[in-house]
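In the two assemblies presented below, chain A is common to both, partnered first by chain B and then by chain C.
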Partner chain A sequence: MVAGSRTQPSSEQDGMSEQERLQHQLQIFQDSLPKVNQLAYQMLLNEMVPLAVSVENRLAQTEHVNNSETIDSSGDKDTVSEMVRDLHISPKLDLPSHKLCLQLYEAEEERKKRILERLRSMGFQTGNKLSELLVFSNNPNLTFKDMDLLAIMKFICRDVWKQMFGKQIDNLKTNHRGTFYLFDYEYRPIQPFALDDQSTEKELEMVKPFLEIPVGVIKGVLSSLGYKQEQVVCLASYIDRPADRPKSTFPKGISFHVQVNK
Partner chain B sequence: MAIYSFWIFDKHCNCIFNREWTLVANSSSGTINSKQNEETAKLLYGMIFSLRSIALKLSKDSTGNDIRSISTGKYRIHTYCTASGLWFVLTTDFKQQSYSQVLQYIYSHIYVKYITHNLLSAFDLAEDESETRGQGTKKIANRNFITALESFLTPMVAQ
Partner chain C sequence: MSSSSSLGGHSKSLRLAGEDIWKNKTEKVNGELFTLMYGSIVSQLCRDYQRCFPKVNDQLYTMGYNIGVRLIEDFLARTALPRCENMIRTSEVISKCAFKIFLNITPQVSNWSTDKNAFSLVLVENPLSDFVELPMDAMKQLWYSNVLCGVLKGALEMVQLDCDVWFISDVLKGDPQTEIRVKLNRVLKDEIPIGED
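Presenting the complex of A and B:
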């Protein structure tokens, strides 16, 4: 009977509370999801770049070994000392990450291209699965029915970026003909990066591979929502931060140029 | 003048960062990573090392024991040692009893943020065997780290 006295609000307020109720449900749903440490996740994300270099190194190594084995398959590994040298308790560790990044910076064009391609496809897989996850979440702000390209880009700017990097894209520009510019003035994963000396040219060049991951993610999300990989061109480049923004540790903002061909 | 100098040592007994303030009036004065401080660094390291081992021997049970500060007639040394073998050392005057929160802040909000999370810099400055036994001379020269540290410690120089 106490409730009876409360059921006074108009239908408008009911609509509001409907939205709020959905938001609340989303909140409960998200709270119930398993959590990971954001720091560990972000470091893992960054570690994808050294991983790609390392995989490329290993592939080159095995190829080399295979070649040399076919040349002299007889081998002279009979001596005890050589057998001892091949024995090890734990597998040999890869080079530390900063050295792998340096390797990538110094790699020749062909090899670099292969590594970046590997990196993009890792991002692609991530993005592809990510939209599945976001479809699965009952976010009242998301409707995938009759989504046009602009709505999808907005979805990337808001939800995908929020999910992956903890913030939204700062600026979205479009010419309404399939070209989009997404500006992120403080791309999170690269914020702490800096080389020891002041050589910013080299630093920017070394950080560039880290931008291939979000490029892959954008392509992956677009592909899962019906725009094939071949239709989409996505490029990342540096831009200057607008003057009114507070200074952050990394000197440049990032611009993603997305072009969708019909 | 409240703080005189700041040092970081790594697990290989190398001094990987030092900062010394010389003038009270000008808090940006002094040296960063100066070669001339190498000998001082070794002496400071030796003193802390010896006192740490004494503290360990005098501990009641096996849970370990560590020194927080060492006071001499002229100045006080504050230390903060991490489990990964990093030592953060601050020399100050007698005005303030404890700097442990300051050192903890430097470790968790400045060192971890700008050195550990920076994938482009080495996590261990000693690259090969020859540098692991106190012979290394490499120093932290990261600009973000130095700027953040300066802006954090500068107000304390002339307190």
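Presenting the complex of A and C:
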């Protein structure tokens, strides 16, 4: 049966079933991989935003104090209390996450830029490695023979998004000259965010930093497949959801505008 | 199987409850994706703090704390477990239910202190550090999975248990096993509104 379908790739019927068989195999492979709870994953993902703010705060603090204290690991520890402090069993805690997010909203331009850059960087690294993970998963949708930019974008829309956010991108538009629009009407990680019915500008603005992670992911995937970070511009913005889509908890869809310069 | 009826009992039913929730009531994602996302976070922190690893440890811990205080809500809603009467029970809930439900692992509980207030969780597998290898300079000081300590600290605090949680050893550092120590400081009192009494 397998041999038969190989010899007659032109036959539509056989080609389909072969494709389905490979699809099925991929599914079995994916299911066999170790798993963790989606919630734990999503909380970690979303916690990157307050984390990035907190890092910025702490870096600013040390700069402010401007003490060039280096960790003195050579000196021997006399007292127990010193040893306990060095163990860092219970370090000083941060502000709660929502306060940190509010800080980000109120931060001045320069600070905000650095924080968002940090978020994009974390997304970038994730995307960069994620593509390796997906490429080596025997995915039948991937052929590397004449893999053009469009095929890569499709790969992002389908495989990367499915892996990271549990769903595919809803719509992909392109002018075939390096400009792409990726529409996700229900970007998963922000769905549990409760906003008022008449979502105010402020609230939407506060959610925006969470979109920098997928922006970084897109750039990371493109970079690992040969499009350098400097060549790619990627921006995320809100769009209205089409009227025919069922109402979801978050009122806006997300549009990722990707521009690849040769 | 009705999970609520099985939750009242002892440790064995706790394990069954944990497995049932993991198998039937949990949405799952690829563990490798989880691993490499966490890896991106840690490596970004190492870069931001210019490889000053104690600072990275602290940051991971506080990040975990902020996750833990929210994660406990989902845990309680999912398991409908009542309050634990002692630390032995708490340790079982943590290892057999909590770790099972969120990370699909069951750490072993060991090394009880004589007053039964401190115990160790031995992680045979750790999804945060799968296929991770630390560079030489990080091996000395970095507690790679320190976020776990923070999560435990935050979650336990929300159920009125003031604990210290820290890593004792980690296979990434060349230790024979990965061990987290949990020590109860005190049980926080339920606050009663003024004028109620």
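The definition used in the following text is that the second predicted complex is superposed on the first by the 212 of 262 C-alpha atoms of A that agree within 3 Å, B and C clash if a C-alpha of one lies under 4 Å from a C-alpha of the other, contacts with A are read in each partner's own complex, and residues count from 1 in each chain.
Heads up, the rule we're going with is that a residue touches a chain if its C-beta (ideal position, glycine included) is under 8 Å from a C-beta of that chain, and two chains touch if they have at least 3 such contacts.
Everything numeric in this text was worked out from a predicted model, so none of it was measured.
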Request  = Would you sort A:K262 into first (chain B), second (chain C), both or neither based on which partner it touches?
outcome  = neither
Key: Touched partner set for A:M206, first chain B, second chain C, both or neither   = first
Task = Identify the partner contact of A:Q38: answer first if only chain B is touched, second if only chain C is, both if each is, neither if none is.
result = second
Message = Looking at A:F193, would you say it contacts chain B, chain C, both, or neither? Reply first, second, both or neither.
response = first
Ask   = Between chain B (first) and chain C (second), which, if any, makes contact with A:H176: first, second, both or neither?
value = neither
Message = Taking the superposition on A as described, I'd like to know which of chain B and chain C A:L51 touches: first, second, both or neither.
response = second
Ask   = If you stack the two complexes on chain A, which partner ends up touching A:L130: first (chain B), second (chain C), both, or neither?
value = second
Request  = Could you let me know whether more residues of chain A are touched by chain B or by chain C?
outcome  = C
Message = So in the superposed three-chain picture, is A:R118 touching just chain B, just chain C, both, or none of them (first/second/both/neither)?
response = second
Request  = Check whether A:Q163 is in contact with chain B, with chain C, with both or with neither, and answer first, second, both or neither.
outcome  = second
Residues on chain A lying within both footprints (that of chain B and that of chain C) = 43, 47, 50, 96-97
Query = Inside the complex, what are the residues of chain A that reach chain B?
reply = 43, 46-47, 49-50, 96-98, 101, 192-198, 203, 206-207, 249
Query = For chain C, which residues are in contact with chain A within the complex?
reply = 22, 26-34, 36-41, 43-45, 48-49, 52, 54-55, 57-59, 61-63, 65-67, 69-71, 74, 101-104, 127, 130, 147, 153, 164-166
Request  = Spell out the part of chain B that touches chain A in their complex, as residue ranges.
outcome  = 113-114, 117-124, 140-144
Key: chain C-touching residues of chain A, taken from the complex the two chains share   = 30, 33-41, 43-45, 47-48, 50-51, 54-55, 58-59, 71, 86-94, 96-97, 118, 121-123, 125-126, 129-130, 133, 163-164, 166
